[in-house]
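Letters are used for the chains, namely A, B, C and D, taken in the order the chains are written, and counting of residues starts over at 1 for each.
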Amino acid sequence: MSVNTFGRVLRYTTWGESHGPGLGAVIDGCPPGLPLNERYIQPFMDARKPGQNRFTTQRKEADLVKILSGVFYNADGEQVTTGTPIHLMIENTDQRSKDYSEIAQSYRPGHADYTYDAKYGIRDYRGGGRSSARETAARVAAGAVARLIIPEVRITAYVCELGGDTIDHEAINLDEIGNNPFFCPDSWAAKRWEDLVEKARKDGSSLGAVVECVAEGVPAGWGAPVYGKLDSDLASAMMSINATKGVEIGDGFGAARLTGEQNADAMSPGKNGKPVYASNHAGGTAGGISTGQPVVCRVAFKPTSSILTPVDSINTAGEATKVRTKGRHDPCVGIRGTPVVEAMMALVLADHKMLHRAQVGGE
Amino acid sequence: MSVNTFGRVLRYTTWGESHGPGLGAVIDGCPPGLPLNERYIQPFMDARKPGQNRFTTQRKEADLVKILSGVFYNADGEQVTTGTPIHLMIENTDQRSKDYSEIAQSYRPGHADYTYDAKYGIRDYRGGGRSSARETAARVAAGAVARLIIPEVRITAYVCELGGDTIDHEAINLDEIGNNPFFCPDSWAAKRWEDLVEKARKDGSSLGAVVECVAEGVPAGWGAPVYGKLDSDLASAMMSINATKGVEIGDGFGAARLTGEQNADAMSPGKNGKPVYASNHAGGTAGGISTGQPVVCRVAFKPTSSILTPVDSINTAGEATKVRTKGRHDPCVGIRGTPVVEAMMALVLADHKMLHRAQVGGE
Amino acid sequence: MSVNTFGRVLRYTTWGESHGPGLGAVIDGCPPGLPLNERYIQPFMDARKPGQNRFTTQRKEADLVKILSGVFYNADGEQVTTGTPIHLMIENTDQRSKDYSEIAQSYRPGHADYTYDAKYGIRDYRGGGRSSARETAARVAAGAVARLIIPEVRITAYVCELGGDTIDHEAINLDEIGNNPFFCPDSWAAKRWEDLVEKARKDGSSLGAVVECVAEGVPAGWGAPVYGKLDSDLASAMMSINATKGVEIGDGFGAARLTGEQNADAMSPGKNGKPVYASNHAGGTAGGISTGQPVVCRVAFKPTSSILTPVDSINTAGEATKVRTKGRHDPCVGIRGTPVVEAMMALVLADHKMLHRAQVGGE
Amino acid sequence: MSVNTFGRVLRYTTWGESHGPGLGAVIDGCPPGLPLNERYIQPFMDARKPGQNRFTTQRKEADLVKILSGVFYNADGEQVTTGTPIHLMIENTDQRSKDYSEIAQSYRPGHADYTYDAKYGIRDYRGGGRSSARETAARVAAGAVARLIIPEVRITAYVCELGGDTIDHEAINLDEIGNNPFFCPDSWAAKRWEDLVEKARKDGSSLGAVVECVAEGVPAGWGAPVYGKLDSDLASAMMSINATKGVEIGDGFGAARLTGEQNADAMSPGKNGKPVYASNHAGGTAGGISTGQPVVCRVAFKPTSSILTPVDSINTAGEATKVRTKGRHDPCVGIRGTPVVEAMMALVLADHKMLHRAQVGGE
């Protein structure tokens, strides 16, 4: 079962609730000898952490990661992984001691309030408890460790659509991603989104987004038939992120509108007998195994369910009520989902590199 | 690892290649006492089986399922499951003894030929070997068993888009699905598709499709945070089907273009304290757990990669060549993917029903 | 893989090293609604904790367990499990800041020093790092949670042999177990063992022991063929405890010396159609499934490897050296292993109760 | 769950009942390129197969293995593994069409008859169904594949005690194992056992046995803390074999009677910096990881439960009855368990070699 664990050979388990003392990830199976310290992880956390600008939630969390096990000093005095479980822990520091009585008694539409109660008969309602996107902080920390296993791969995620407004793929400039609060690689789109998000925030509304993630440097041969397909594991990984409703590999739903000729990624001889591809409709996989092209996936995030506009709902007694979610929320949860998508890509690829090594050998 | 196994508590493993002696599924964890015999399974196989009309591959396979273990006679003389592994086996009967030398030596673009060689250094090239969609016959058989576990659920899949031509959702009539060769619930669309597919077939081209699947009767409470989300397992299941490139739950990518107000599924009091929902943008899940609404997902199938138009490729020696895939192929692989989507939905839901029972109890 | 995780449906993962900041267990899959707080767990910890008398190691650890997730207040204001991951954390407080240079450079025979280096190329040598029996504190905490799932079962473990001196099974009085520092149910044997252990301690030597564990109240039907046998999972659980070298179910190796007639556990009709057994050579299982009799297993602990007598060994440079393990050690590690054996029994039984419920249903 | 599956990275699943059409093993994760054909497997089957002499059951089974998937011809025309699931199938041919009414209605003590009914409410009573030792034929076939993965390891199992009569360990001659029907490495003991087994057979009684298994050539570093210990996985593997009641690693229960000094395996410098050990009390593992010494384990088999002497029992209606098991049975099931122990050792070691490779790399 292990429903709070992800991975096949490199496996990590997360624990923690939004307003409990903290949260964490225990990573099992990490190779030994990789340089790992808290300083290395922190920038990944900072990219996701809340409260950094007016376009995200105002909850302030330092998201400092403590490494509580699984590292030791090598002969050179560097902290490296030892091959034993790595526990990464993050304390919660800005849980507002506000009155939760309203949310305790009524179900917020679009949230997991009702379903948790229906399943478990009890829920930690404070800030969404286990169903809060705060859990993704642990994923980002785990993803930072996963990246150490796949130094040959370069992963980049960015928002490619926000509130229905798409970027110009011709205008993509990856250097722009860090220059705006939207992880947007198109500076013109970023400008437009400022207004979009600002308006949604002021209106107490929210917006959806699509995040695109590209992994370059993945060699041909990672992935496995037929239930361990790279596509399958990526889909599972992305759909486990809060607020996601869709996943595409390569052209995705667009491929369903192409003919066989249009969709064919023609090959020609390249260096070392490796193919050169004329296109990448497939998004870097065939038969669930990497082709040597960039692995490309896209993830749809619904608009944040927490909005100020009152919505009809029921309370825990089954009576009609109206719910208006106050508190600090992201007007577009897809934005801060971007580093999480990157982390999940890293975790899936690292896992499959190791799985491949188990079966076929190699360094 | 178990990359050829799917499921958490109800687990099944498939084996077999397209042109080997046969294929099968071993189902582990099935509850005892469920009535199961070969006659029951066969109609599900027949829905998927090839060679039934001119819109699918002309390979003829009876797809007769033999139950080789895991059933026995109860006191009433009925064959029922015993709780031990159920092995469902299907013999291959129509493997053409044609010359495979061409496909043995060159890589068909869009197929797994190159990636299998890159990974394993060897592949059974006959008909695609393990990467053939023939493997899905075993899934359909396993799915039939899964349905026995969830009698409260009614699963229906249909093609909702073919070659870029979508059905009219207002005109959906589920009774129509069996009246045309496309699993199409819109009789007008089915008419149009006849021409589309016929043309593609004659041109030696192929088309993509989108399959929609609806599961009614799922109670609130199935699924589990955070890596065992119903959405996550459905995404994994669907993306493991051959030729799939995208998965959506509920409004999917469309949800990314809605505002929070538009996307909110308002609740009002219903019977027994259960909510009545004003809409189902979420597709029947919240926080990865079923809401009590129909579970809805959509799956994108790319156009069949096997086309008669020659495409640039390379051979196993790394030299340039042109590949033109002769042989018997589906002009639109998404059509016969429909019963497979249904089967995967059944397998995921049965698994989560059992998982729920493990943790929370109940019949 | 998940080599630091145990269980099938109820799964827990431990992390932590002997001299790191702490250790813990993340329990996944626990049913909701079970009353759980730190006060409840502590007595189980106290039974295992070091430094309580002169017959165990003098390291002082409070072994206070903090519950960091997975519990919340129910309507009655009680802390109960919520069905989400339960993280139990124990801080290390008495790691001696001694000089580890000796142990860092040489391999202690019987310890994992050499094998960790051979495997990982690095090890946290402080107090044995991950290979320290300190890890078992996390198991005892997890075991306390497992007990909540199986209130119908009463588990009792005791030392039945120490330094080759066995108890008189006729004289077993379970009330005696808490009256001596050896978990010994035979007061006469306990007297003799005082001298035995005292002598070993003074000599800088160490002794082995055998722990017997009996679980009463297990209904017929838990366990599963063929690799999920109750016997198989118990064997795995017990052999994962530090310093164990053997496991027996029922008569164990003694059964190999009986004839079929002697070994047969004759049945006669009991209440509610359940059998009454004339004997329990089988130790409560048949075909890997519980029979309704007490489940009985025995676990052999080797003598503590850390002894004062110098032993020939090699250092990390591969040169000859002599190792004499100073520091604080249990003269007989089997004694404090007793609560760990109990915990593992609880974890295996709770897991199988839930597994049974998944497949067959029931509360 | 996967209770009919064994292994971590190399995983196999068995299916089949004693008197059904056949049984088999599906092996997932096997490395590609290993030479595998039916001829290679058969000798391993022959060592276990019944009906070969008067000391084992008279059921005649050819135990011919068919490879139904996962192999293909390499460039040299040899059949090799392809990395996809290998299905090994064995047809049942000598299921006696006798009257099963007696066994159908009453529970044989020591058998799984009662427990299967208690668990599942139904059982295939013919020949014990799934609980029959016939399932081990599939293990032996899978074990033959596992051996291909670990060519550096030489595994030998033999009976070291039969009916309470032990071999002389000084007199062990491995060449003798094949010279007698008992897998006995001591020719004198083999002579004595002829009389013992013959007498038990004539009396309609049965005997227990202990099988010892030694794996030479295992490098230091296989295995993993703390729930994936080599010891733990071996214990689980051996305890899953029918009729086993105990497992020891190295000195096992004997180690519990040694002092720390006696039990210490002193090390001295050997070639390439590897240690030379003065003894092997540990049985080749420390901290769950191989030391480089031979891995040694011992497995206790109870006497065959099927005996001619009537034993008190109950029937399915819960009434008193007497059971006398006619039919063809091994007077000592431990004998034919010997090749099964070897197979399980091979499966565990191959699994851990691959697991090690996943984490640490290497060929």
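Methods note: contacts are C-beta pairs under 8 Å (C-beta built on N, C-alpha and C of every residue); 3 or more make two chains touch, one makes a residue touch a chain.
Source: prediction; values computed, not measured.
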Intersection of the contact lists for chain A and chain B: C, D
A-D against B-D, pair bridged by the larger set of C-beta contacts: B-D
Chain at maximum distance from chain C, centres defined as averaged CA atoms: B
Where chain C and chain D are represented by their mean Cα positions, the distance between them in whole Å: 26
Whole-Å separation of chain centres (CA-atom averages), chain B against chain D: 38
Rounded Å distance between chain A and chain D, as computed from the means of their C-alpha atoms: 45
Residues within chain D bordering two or more other chains: 1-5, 8-9, 14, 29, 32, 83-84, 119-121, 130, 225, 355, 358, 360
Touching residues on chain C, where the partner in the complex is chain A: 1-5, 8-9, 11, 13-17, 20-24, 26, 28-29, 32-33, 66, 68-70, 72, 74, 80, 82-87, 119-124, 129-130
In the complex, chain D residues that touch chain A: 1, 9, 29-32, 83-84, 225, 354-355, 357-363
Sites on chain C touched by chain D in the complex: 1-6, 8-9, 14, 107, 109-112, 114-116, 118-121, 130-131, 135, 161, 163-164, 200, 205-210, 219-229, 231-240, 244-253, 255-269, 273-275, 278, 281-283, 285-292, 300-307, 309, 311-314, 317-320, 334, 355-356, 358, 360
